[in-house]
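Right after this note come the structures.
In what follows, chain A forms one complex with chain B and a second complex with chain C.
Here is the complex of A and B:
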């Protein structure tokens, strides 16, 4: 589904002395089936932005258009039920949303809310659980008996079971170990390809941005500062530094190699690209002893 | 939830903000006692002026105040209504079954409304101008005499400050879980009573679990930083009683005496 933000602003606690601006004149487009990353410092409005995608927050000004649905400041909550099914939102630390007695029931909760029969919901839930790598032996356990990583998987399965067309991931791998992180990110990429999902990923992991994203949005103080491909975004290390953003790890290595006298014509973002530029130069270096 | 301002802190640096929290606590209790001593309109007028002067001195706009009190209106109307319709008296203006409006009822209802408003105003002012931790410190100080009867003052004070510290955290957590469940199709605002009560389960169970988690994590962290129990600990936040506090306390004393005298002659 295509997603468009038209001059969207959002103010927290509007009309009170405590009012703070969360979003400021945001105009953005996320193409159907694309993988988008939103980066920026903590408090730059990333999470506020993604909560507009399924109407958890209603803009105080402007329009959010998700597929056929137009959300304006006047949109009522009742009109958003259908949108919530189409947009799956995985929150930061989603394991805190588990509540049912068994893992299976918890995953089946969302499909049931969106009108599936109990039997259908159970079938979908089992499918979603297999997808995230939870075996049938855990289905009847209490969610609270699982390990942190397993709980995270179950929570994510709970969102995937809604069979959304847009998947919004708000730092889905925060607090996971490296293996878990890698698996999770691969899973999302795989699902995106298979189901042609529009993915919107909020992250601080620049390596994930480089590896998966088609489009990157840099947020600063509630406003999109720069939008472009990862290559365009990471092309200017000084600009990144000025806005307190990290380079992906290849970029960091390149910066150090440049100090050692290596030359790079363009910034390599992946390991093969790095090797392609580095190997010819290494041949020229005389080998000691 | 956003609209209720009672219990929230409004950052500022006004005259009222700078008063000692112990003083503000004492004055609040005193004020409630005074409200119940007052039986006549001139006394209420006097107390009303005190409230308006205090709000003015706090630098918080009266409009913000009034808007924040709107959620309490239901409670006030309910109580006033009860007084109005169920007070029996000699001058009955209107009667229908057990409901009646009498002169006494009208007067009583008006008194209740004014008392309610004044008390809510004052206590809202206390929380708006005093940081939760200051309130906890103030309470701890004021509870000290209870040590004589073996009341665990330090523990209660610690409990209070931890509870206050976690109010915003739990509020955030509540919003977060609510959002997560709304994203999974839960509707918190529609449907009948039973349906709505059921919709609270996906909110309350995770909230319970996370409170228990937070509590056990915090306990471990406190013990590993050398906490044993409330006794024998030093104190970092020190309350400072200043000359202005004495002046205000004296002024309140004069006001109290004045009110009692006024009541005596009316």
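Here is the complex of A and C:
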């Protein structure tokens, strides 16, 4: 599903003395089926931006076009029913949104709510649970009896059970350990491929941006400062530093190596890329075996 | 010499669980050290920290603080010597202003007002938040909130500061702020820092790393020893530090680097000695 922002601005508490600008003149395009990352400092407008995707926020000026639906400052809440099914949102700590008595009921809630029969809703829920790696043996458990990692998977299954075409991930791995984080990110990538979803990921994890994103949007003070591929975005360490953005983890080591006198033609974004540029500059001995 | 903290054969199982969260853990922590307790979610690292100030009472085993057995009589005195900064900055504020909040712990401990005022000011200065004394805590950034939480702990003049995943919810800037602050504080004062984390780069700053899994102590040692075993870290749900990934990658290609873990700084200077055209 294609998504387009046309000169979108958003003001919090408009028409009051407390008015603050959340977005200003945002024009962006997210191609159908692409994986997009939104990066920027805390308070730069990342979350405000993604809340426009399913009408949680309505622009103060401009248009947001999601598939066929056009959202303008005049759009009424009632008109957003379809959009809310088509765009699934996974927030930080999604497990805090679980509420039903059993895992299966919790996941089946959304499809039921969007008009599926109980049997259809159950089938959809079971499919979504399998997709996130939750087996049938857990379906009748209370969500709160599960481990933290399992609860998070169930909550994500609840979003997938709406069968969305767009998946918005707002720092979905916050607080997870490295292995849990990697599993979750791989899960999202797999779901994206299998279901041809458009993904919008809000994150501070630059290594994830490098690994998964097709397009990166850098937000600053409510405005997209730069849009491009990860390679384009991370090409200029000085620019990143000037805008308080981190490099992928290889970047800091490369900066140290450059300072010492090593040469790099382009910024390596992964360990294999780093090794490929570094090894020819070093003395080597034959390897045993 | 008696270590600051000595744990002997701690075992603890939560009420609703059949598996012990701590399983026969024994270790010692010397005063003035920076200790990182690492392990994946559910490995027992937070439970371990909660036994130190008696928030959790192990079913078996004993905790000694400066040689004193932690029990019903000693727990209050020991708790005053241990400050904790928790993961979520939003769940730990009670005061209407930053200064009130920092004073709260001292009020609880009956510190006279005349003494409280300068201690609040000093603690806020230590975390570089003096100019925010009259601000509402809710309006601060995540990193600023954690610095205020830390000031609340410092104002109580503890001997031990426990950071329970205190940086895991912060953005990179906030995390950097808190970590560099902790480095300075430890260098300047007489604190023992116990940092519970799964950020391996943060753990690299510690004097000692304690690796936990399945409620057991897997290994305790300096970062160099623990990080040298990439397979061990991965097996226990952690990542391998970048410098270690690069070192092993280069060694495989025949670059004659030392066979020990190297910090980024050490790695870069050792690589320079192997550079072909200086």
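Throughout what follows, the second predicted complex is superposed on the first by the 282 of 289 C-alpha atoms of A that agree within 3 Å, B and C clash if a C-alpha of one lies under 4 Å from a C-alpha of the other, contacts with A are read in each partner's own complex, and residues count from 1 in each chain.
As a convention for this text, a residue touches a chain if its C-beta (ideal position, glycine included) is under 8 Å from a C-beta of that chain, and two chains touch if they have at least 3 such contacts.
Keep in mind that this is a model prediction, so the values were computed, not measured.
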Of chain B and chain C, the chain that contacts the larger number of chain A residues: C
Touched partner set for A:235, first chain B, second chain C, both or neither: neither
Chain B versus chain C as contact partner of A:131, first or second or both or neither: neither
Touching partner for A:84 - first (chain B), second (chain C), both, neither: first
Which superposed partner A:271 touches (first chain B, second chain C, both, neither): second
First, second, both or neither for A:110, with chain B first and chain C second: first
Partner chain(s) touched by A:176 [first = chain B, second = chain C, both, neither]: second
First, second, both or neither for A:99, with chain B first and chain C second: first
Interface residues, chain B side, partner chain A - complex: 2, 10, 61, 64, 173, 176-177, 179-187, 189-190, 201-202, 205-206, 209-210
Touching residues on chain C, where the partner in the complex is chain A: 39-42, 87, 141-142, 165, 168-169, 171-174, 198, 200, 237-239, 242-243, 245-246, 249-250, 252-256, 264-265, 267-269, 271-272, 274-278
Interface residues, chain A side, partner chain B - complex: 13, 16-18, 51, 54, 56, 77-78, 81, 84-85, 87-89, 91, 94, 96-99, 109-110, 113-114, 144, 158-159, 162
Residues on chain A engaged by chain C in the complex (per definition of touch): 41-43, 147-149, 174-180, 204, 244, 246, 249-250, 252-253, 256-257, 260-262, 271-272, 274-275, 278-279, 281-287
